[in-house]
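Next, two complexes with chain A in common: one pairs it with chain B, the other with chain C.
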Partner chain A sequence: MSDTVTTEVPVYAGVAELRRIARELLDAGDVRVIIGWEHARRGARPVFITDAADADRLIFDARCVHNLVTYLNPRRDNVAELGKIGLVVKGCDAKAVAGLLREAQLTRDDVVLIGVRCGGVLEEAELPRAAPLGPENVAPRCFGCDNREPELVDHLLGESQPEPPRPLTTIDERVAALDAQPLEKRWAFWTEQFGRCVRCYACRQVCPLCVCERCVAEKSRPQWIEASPHPRGNLSWNITRALHLAGRCVDCGECERFCPVGIPLSLVNRKLQQIVAERYDYAVSDDPEHAAPIGDYRLDDKQEFIK
Partner chain B sequence: MTSADPTRGTYFITEDDLRALTGELLGAGTEVIAPVALDVCASPSAIASSACLRPGVKPIDIEYRALESAAQLNLGSGLPVLSLKQYFLPEYEALCCWRQHGTEIEIEAVPTEFAPRVVLAAKPCDSAALAVVDKVMNWDYADELWNGRREATTIVNLACPVVDESCFCTAVGTAPDDAKGADALLTPVEGGFLMEATTDKGRALVEAHAARFTAEEGAGGAGARGRQAAEERAAARARAAANLEIDAASVRDWIDTHFEDPLLAALGVRCNGCGACSSVCPTCHCFDIVDEEEGIGKGTRRRCWDTCQAPTFTLHASGHNPRDSQNPRYRQRINHKFAIYPLKFGEVLCTGCGRCTRVCHAGQDLVEILQAIDIAARRREAVSP
Partner chain C sequence: MNDESDRRQDGAADVAFEPRITAFVCNWCTYTGADLAGTSRLHMASNVRIIRLPCTGRIDPLFIIKAFERGADGVIVSGCHPADCHYTSGNYHARRRFAVFHDLMEFIGVDPRRMTFSWVSASEGAKWRDVVDEAVRSVRELGPYDAYRALAPVGDREI
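After this line comes the complex of A and B, so read on.
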């Protein structure tokens, strides 16, 4: 079914190569499972290919929004037990792999990385076919992407892609619009946004870098974060989540996409990225040797805020 | 205009009269909960929504809300993002408050009686879910908060034209024109709505606003409007059935006897375990109870929504977790809904609203999963003597 649909729609070059490499890796026993994307009833979604004969189910087009690195997360016992993974990654996803390597959650030999050259993705994966990218449908995070051809990979597929279009408003413009508001207005904005949180923790579950064995939100002795989804508990949960990702977040946008009540988490994440860039001159990359500020200490770290 | 005789079954009401009735209820201080179209682009979230910036149709969220005015009542076909569950089992609610005086503890109970309220234009899948959950809420313990809200609430359904390809109510024993769990059903017809009151509470609502209704000619709505309603309702049922047809009894028995089957045992591989499916589900009713301190020596015991998709749901104090990976956790979701609950209570714990499928960005698709189980179950039936 996927074949008939995907041949009619614009696909990134390299899909045939992707399927061939997947088949070869599985046939040779180099990996036991290829995690990539497929076309299903409601659109693109993650797929786990364990039989080389199924490799033709793999697709790559602008609906392949998902950051599949979440499946490398050490919490995922049921994925790990499938055996060695071959993972298809876009550049943003490769940054998350680097994050796991940097924090010793993974060793490089644990995974074969199949990189795809990316020209940006859509906001939504649940579409019957990929649409050409334009300002009105491109995922805003793709604008200005600095890693469209990941280096931390074993295979890099496809041809060089054009730059993603500029979205109607960029995330930076959205953050700036919010920053321009007085404190009370910003407080009112976030109080309302976090007020809607139902504490399903979808943001945490899908995050490739939320790797804690036991999340602070689940601790009851002492209880650091109130468990009920009332405004006070929601505020402490959302602030804790955001701060714990500061300088680690790779801007894959999955937390915001999975939020069932539509909290604009990309704005918090971007604000923290800006602060980390300004204070530590640090931007997340797919170089695992490039230590993140949260796990690094330097004598010249700015500390004037300590009074 | 002949006023309605509530001893008869079917009435006609114009949209104007339905809004006037809503206004009368609100005027009398009755809480009225109904679908409301929320202008996403007028809310602060618009800052993060490309859809609000692009030309053309702006996104609208439908949500059940306590109405502020009759004009807010949305009589369209959109499915509210969250089900009606939140008005019977709120996301969180206090069970009691405590205050410590030395070695004495003073407990303050919460009220379990509620003021009468009315739900208008409920989705049939949402009211049916309440009737299904009534069973467990009155099993070995009668849940006073649930029952108190159920008794205080009169629910009027609005027949649904079927929202999209993820709707499958007819496959799980309900229908887009069902009044299960509700007290009356509205069906859109030329010039207004046919209203059938199916319970005493529904009849009392008609009686209290008799001037707004006219008795429909022909018993059981056999007139022209009745025929129009019947045709549209049948067409909606056919649309739902085209999305998914399963034999729920075979599915139940197959799941019950195939716990270790690879089809059930490996369902959770793409699932992120986020539990968004449980949050939006009208029938998922599991809750956690937490004590939240508010200062020294006082606090509130609350219950809040929980999900079997979270590892902590089954984590024992010893550290052992009987459902220690997402595969058994996802199997539990399917098993509970389509085998355990039906075997215990005679009802499928799912009303086919499709919200879990629509909310899942990892692509877990209940329609596809039920289809696969149904095929496996039929195959088994075909070979067994």
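After this line comes the complex of A and C, so read on.
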């Protein structure tokens, strides 16, 4: 990569438009707050803009990894109290909005969606300025993204972006490598990974689609999931978290990015995507009318595992 | 690892491994089918503890995880055949849920032979016997689920 790439990253063409639209929406009173990204000391960070004069703080580049849809999660009613929200979304984020709409956690009129055409984001995004995307620094989940120009949005900004580069190792390749291992090796791998879990529940807190008011992990009578961070309770928690996202996960990668001990949650999430794709021909989209596979059924669903 | 070691410690020297299997069955079909197997005096393995639920749609995958946590070596989930559900569609929903669960557990490294899924109707006492015998046989081959129990030596309770 080193000799061919310039160090200058072209400024995202949609940013001027983004600031103008944000200013107009706030001035007209169409929204009370715009949630987007701004520059910070250690890269981009989420920002809440309530004053049109601050609209110029908004940015978009490959460091904007945060899925801001988590602020629309009904668990965060303190955000809803701010008033109507204008939200800047990438394609994966728009899928999360569709997920909330699909499950009646949100109505479309609650939010103005400002979509950005996305060419992929950085895996390690805490940088003073955006770096050009290459195989070694692109977030692996961006490879093969099917929603780089979200349709659910009210405004779609910027010009078409190039396809994200292929990462050195794709998530599918990592999942396939695990699948090729014998059962005992997989068990050893996952119990070691989940064994490191400290049960901070950051994966749940950041997830835009973990919407339960009271999580099963908090229930103590009966206690379905043991609260102590020992490998048995951790296994139970991590399987449950993954299953509850089956057919719903939009692969925004926030759970893995927030995990303080670095559990490769994207591998579990991707495996579940593969399972619902293979069994039910389902891929998560940003169309809220497209019913999720769990909670739906067909009379001729595969049942080769049932005697 | 010696599969039998910890069981021998509590005095039961040289007792052959007997699988403990928890069965989650629906009230309307499989429970009645199992009842029929009993009233028909069918011989079958006695390693299965049945937990009766209204419908397979009521069975959360956490039940299975909990059974393993509490010392089950294998589980059975069984309910009405497709189109026979007392609540019309509970078994269809369960079928999807357990298909995903089954595949995920296999990815995590749980041997799928420890989890038996079946449709057994109220008239299929003989099929229930076959399901039970087959589940017990395959779990017996696999041995005790010490790998799961070894996850946490604390707070163990026998079922």
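Here is the rule we use: the second predicted complex is superposed on the first by the 296 of 307 C-alpha atoms of A that agree within 3 Å, B and C clash if a C-alpha of one lies under 4 Å from a C-alpha of the other, contacts with A are read in each partner's own complex, and residues count from 1 in each chain.
Here, a contact is a pair of C-beta atoms (placed from the backbone, for glycine too) under 8 Å apart; a residue touches a chain by one contact, two chains touch by 3 or more.
Keep in mind it's a predicted model, so treat the numbers as computed, not measured.
Trainee: Touch test for A:Ala96: chain B only (first), chain C only (second), both, or neither?
Mentor: neither
Trainee: Figure out whether A:Glu218 sits in contact with chain B (first) or chain C (second), or with both, or with neither.
Mentor: The first partner, chain B, only.
Trainee: A:Val121 contacts which: chain B (first), chain C (second), both, neither?
Mentor: Neither partner.
Trainee: Would you sort A:Arg76 into first (chain B), second (chain C), both or neither based on which partner it touches?
Mentor: A:Arg76: touches chain B, not chain C.
Trainee: By the touch definition at the top of the document, which applies to A:His230: first (chain B), second (chain C), both, or neither?
Mentor: In the superposed model, A:His230 contacts both chain B and chain C.
Trainee: Does chain C touch more residues of chain A than chain B does, or is it the other way round?
Mentor: B
Trainee: Look at A:Asn137 in the shared chain and tell me whether it touches chain B only, chain C only, both, or neither; answer first, second, both or neither.
Mentor: In the superposed model, A:Asn137 contacts chain B only, not chain C.
Trainee: Which partner does A:Val153 contact after superposing on A: first (chain B), second (chain C), both, neither?
Mentor: Touch partners of A:Val153: none, neither chain B nor chain C.
Trainee: A:Ile34 in the overlay: touching chain B, chain C, both, or neither? Say first, second, both or neither.
Mentor: A:Ile34: touches no partner chain.
Trainee: Look at A:Pro260 in the shared chain and tell me whether it touches chain B only, chain C only, both, or neither; answer first, second, both or neither.
Mentor: It touches chain B, and chain C stays clear.
Trainee: So which positions on chain A get touched by both chain B and chain C?
Mentor: In the superposed arrangement, which is not itself an observed complex, chain A uses residues 178, 188-189, 226, 228, 230, 233 for both chain B and chain C.
Trainee: Sort out for me which residues of chain A touch chain B in the complex.
Mentor: Residue positions touching the partner: 40-48, 66, 70, 76-79, 81-82, 123, 125-126, 136-137, 140, 167-169, 174, 177-178, 188-189, 192-193, 198-202, 204-206, 218, 220, 223, 226-230, 233, 254, 256-258, 260-264, 266-267.
Trainee: Can you check the complex and tell me which residues of chain C touch chain A?
Mentor: Going through chain C, the ones touching chain A are 61-62, 65-66, 69, 82-83, 89, 92-93, 95-112, 116-119, 131, 134, 147-148, 151-152, 154-155.
Trainee: Give every residue of chain B touching chain A within the complex, in rising order.
Mentor: Per the touch definition, chain B meets chain A at residues 40, 43-45, 47-48, 50, 53-54, 81, 91-92, 165-166, 266, 268-270, 272-276, 278-280, 288, 290, 292-293, 302, 304-305, 307, 310, 312, 324-327, 357, 359, 361-363, 365, 367-368.
Trainee: Considering only the defined contacts, which chain A positions touch chain C in the complex?
Mentor: 178-179, 183-191, 216, 224-226, 228, 230-233, 235-236, 239-240, 242-243, 246-247, 268, 271-272, 275-276, 279-280, 293-299, 301-303, 305-307
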